[in-house]
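Here the chain labels run A, B and C in written order, and each chain numbers its own residues starting at 1.
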Amino acid sequence: MNERANAITPEGIDTGTAYGRPAPTYQRELVEVGPGTPMGELLRRYWHPVGLCGDATDTPRKLRVLGEDLILFRDGQGRPGLLYPHCAHRGTSLYYGKVDERGIRCCYHGWLFDVQGHCLEQPCEPEGGRSRGRRRQPWYPVQERYGLIWAYLGPPEKKPVLPRYECLEVLDEGEFLEADDSSIGGGGPQVIPCNWLQHYENLVDPFHVVILHGSFSGTQFVGEMAVMPEVTWETHEIGVRTVSMRSLPDGRRLRRISEAGLPTLRVIPSPRLGRFGRVESLGWVLPIDDHRFRIYVVGRVREAGELSRMRTRMNGKLWEEMSEEEHRLYPNDVEAMVGQGVIPRHSEEHLVTSDRGIVMLRRLLQEQLQAVAEGRDPAGVGFDPAAPPVVFSAGNWLADSEGMGIS
Amino acid sequence: MNERANAITPEGIDTGTAYGRPAPTYQRELVEVGPGTPMGELLRRYWHPVGLCGDATDTPRKLRVLGEDLILFRDGQGRPGLLYPHCAHRGTSLYYGKVDERGIRCCYHGWLFDVQGHCLEQPCEPEGGRSRGRRRQPWYPVQERYGLIWAYLGPPEKKPVLPRYECLEVLDEGEFLEADDSSIGGGGPQVIPCNWLQHYENLVDPFHVVILHGSFSGTQFVGEMAVMPEVTWETHEIGVRTVSMRSLPDGRRLRRISEAGLPTLRVIPSPRLGRFGRVESLGWVLPIDDHRFRIYVVGRVREAGELSRMRTRMNGKLWEEMSEEEHRLYPNDVEAMVGQGVIPRHSEEHLVTSDRGIVMLRRLLQEQLQAVAEGRDPAGVGFDPAAPPVVFSAGNWLADSEGMGIS
Amino acid sequence: MNERANAITPEGIDTGTAYGRPAPTYQRELVEVGPGTPMGELLRRYWHPVGLCGDATDTPRKLRVLGEDLILFRDGQGRPGLLYPHCAHRGTSLYYGKVDERGIRCCYHGWLFDVQGHCLEQPCEPEGGRSRGRRRQPWYPVQERYGLIWAYLGPPEKKPVLPRYECLEVLDEGEFLEADDSSIGGGGPQVIPCNWLQHYENLVDPFHVVILHGSFSGTQFVGEMAVMPEVTWETHEIGVRTVSMRSLPDGRRLRRISEAGLPTLRVIPSPRLGRFGRVESLGWVLPIDDHRFRIYVVGRVREAGELSRMRTRMNGKLWEEMSEEEHRLYPNDVEAMVGQGVIPRHSEEHLVTSDRGIVMLRRLLQEQLQAVAEGRDPAGVGFDPAAPPVVFSAGNWLADSEGMGIS
């Protein structure tokens, strides 16, 4: 029993204790993504990546997207299909189905559905099912682009064009596109167990880079990123742009622009500063449901596997190779985000000047919620197949102290 | 990035997509089995098997039946007892009790209860508990027959006679009875994680035999069963009878009758066609609770272990020996049933002519629910101990093409 | 198929069956401990041990106390701190924080808090956060005494003095204090998965000692304890006292006094009777939440590790070394308590004369609930730092048959 064990805190009425603290609440309209919720309906007005092209094969694959369970497959003609999992007949999961040239066949009574849910065969029925034409397996339209499978889970009459992006359309000499589904940039496992908004907001928060990635866990990226930036934010039509200026020790200035684009787009140039210039990759934060998300990334690379080598390592270890104690000692985005809780505690936040980007991003989302509520189209939704690719201004640039561009 | 990755689905307003689909619902009165629910009260009007005779020993055993937790044991006089688990005194589980000649004794304060819940001793009370005669541990009556322990969980004044069955009472030369608790016919583990109704309805669905068991996963039974049958159904007083006629390649005709009997009876002749003639075994689908069931089977056999050898194997492997990937590749009843969900999605079904048996079975159940609601006895409940055994018409028979019986 | 398998229970209307039994209920005001509940508010009027002194280090530690998640640490000046886990800024868990001389720093944006939650730094804000003085991380006051960290989770203006106890203040020759967090006396693991009240009531139940500890699982303590005692109970201002008299085979009489003190105190002399005289240790039942508790113990010992050697062993095995089957065969307090359910079933109890202590203890708790509801202070709460230590009368004493004290 040492001295300390008998020390007594001086008396007096304590202030600021946790006693009587109200239970935390969160802004449901920003957080919840299921069918019929405000954000769920807003997100359903856009195309979302739901897998790599290679995920659609003759082996049915279970997906969960925006709180909905689905089955992804590819028929023998090469068409990807995304169906409601429970067979329109008696509800057995098509996960146990067999894929053939024309579609997927339920294991229970053999109903065969094509990629648009048309019922082609009911083999236990007279004449293969006289009314089979009236049956439809619920389905969602899909497209393939940039190595990803894209799905549209929204109202059919509002289906927009799948956008193209300049930074993935215009390739420099020696570059090619690569797609990755390992949730690069989440700092953790492929499926991250918290609400999507926590990561989406992280995109307009350039200051955590200095603390979390720049000093707390050692230098996760490069030394330059640990310099405290001067930051300005701008809301533009389809996103929030963050401009971070850093004065480097050698007198040069680093100008870095990153963006959060509607609905879930991450437009962040490499924090490793390997190259300067326009952004190299795009990421999409996919809400699996209210409590989990994952990230798909497509980037211009010069070597196969370049993207996956961007996953953060601590002491040479990937997140899943670290112990629980190492996760505590060297926290990364995933610890910071999941540490906020499975869903955020908005009522307990105290936003400050360095959180201005978050305020602006929430406002932009609120405006889109309002647009949908009023029957208007949210920003970033377009219907013209001939529309030019979307251009972002994101990138890293160096200038000398006089502001002359040098890269 | 291949060609396909840039293909775009032709535009146009999609029809039949999953967007806006209402949340699925189910017919609660057919599905839920807990105390006080319509089906729960209907099922409680019958005796149910709750274990093998050998399950009742001096080691207390936890059971769950119709959503109720219970403790099964056998006292030193050989009497099986089925008690509410929490001691009438202060609620400690009798699972930790000690069984003696007269009953089971709670570990906490030593109260001793007999198989009918009478409190025989309160050793910490003066005179062993002057008011112990007023205490009663809640219990249920049990009987033993056909190698099974049967329990009646219903209103005491309505307790029926435990029925006898002709096919288990009249044994052919060399036959004896065997009981099995491994859920034979469920195609999976002993405890199957979905609602009991999904299996009960499977009994009047002879078509899935052709698809699921006859072709989808290879030939699970015998080649003859893969021939598409002509089927008729009949509702009789205590069940729904399915008559399946098959024209075999050699010109013979196979006539197969199976039945679903009230309340949970499976009367299905062997799909392996090893013998012809009347049904060899009976099965009882026991709802453990709303989300799990198991199956007890009693059959006439000629060799010990004959029943358990009937469990389905795929590539020589029992279900629990197969990998998850093998379960997906070679689905069986359990995958088809559990794939429907933990509880069914009645609102999303589309029943067709080959589902007529299911419609008839649900109607029969609805009629019994109505009878109980009106204070009448449901079908199959009898009170005459001298009643003759129940006779079923189930079996497999061969005939030549002229319809002359040849077996 | 043996004879028994065909035996039939005699007919007749059964009585006392479990059919129609209402769902169990419990006295919520005695059981629930979360913020705002009656018992939760009563318990929050007292100091509770939440860890060993050694638990507070520069490694943040997760605690759960009375249903609240908290972070315990010790700053570089040696001061223990107990904070709400989610950072006042954007909610990231301080579990991932770094402890320094002045406090703990959040990993996300580097806010630094001292042990009273004052925000000392906001490194991403201009001038380190001009308004940081207005931010406060919710915290609770802590003290260290008897080798334990004590926390006060109640209304600040009602914060009482942390009591001293005579039996831990006045040490006999050769004695020193030892603290233990292994839930000694719970008979099981460190965290016991049921409501705290089940153990607190166990303290005024001397009869279970004879059954559960004295015969059911063999002799867990010493032979003397298996003698059925004569018991009287008394309620005094801050607890319920149990006096158990035992006539030993050699003619001596064992007088044993144990107490349950407000709010969660266990004042039970050693059931191993190694020494006679006043009680050697105190225990505190800490409700982790409604469904789990643990026990902290402080005792006067003569050898280091003496307390932890008091943990019950069966056949030489600690609880966690025993198999599930051994737990069933040799139940201990934990099996008796957890066997009552995660929360008790008060509506199903049948209390008898040997439960009088439980009735008195519940009444004492109800009176304190009433006091708090009426704005009065509950018993055992004091505000005078100069108050003398609390004296208990608990202990084991031997007398010869004439009642002459011999130890």
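By definition in this document, a residue touches a chain if its C-beta (ideal position, glycine included) is under 8 Å from a C-beta of that chain, and two chains touch if they have at least 3 such contacts.
Every value quoted in this text rests on a predicted model; they were computed, and no experiment measured them.
Between the two copies, subunit A and subunit C, the C-alpha superposition involves a rotation of 120 degrees in steps of 5.
Comparing the residue numbers each copy contributes, subunit A and subunit B share less than half of them at their mutual interface. Computed centre separation for the pair subunit A/subunit B is 46 angstrom, with centres defined by C-alpha atoms. Within subunit A, no positions touching two or more other chains are listed. Taken together, the subunit B residues at the contact with subunit C in this complex read 35, 44, 53, 59-60, 68, 70, 78, 83-84, 86, 88-93, 95-96, 98, 107-110, 116-118, 122-126, 129, 131, 135-148, 153-157, 159, 162, 176-177, 385. Contact residues on subunit C toward subunit B in their complex (touch as defined above): 1-2, 4-9, 11, 13-21, 24, 207-208, 210-212, 215-217, 228, 328, 331, 335-337, 339-341, 344-345, 348-355.
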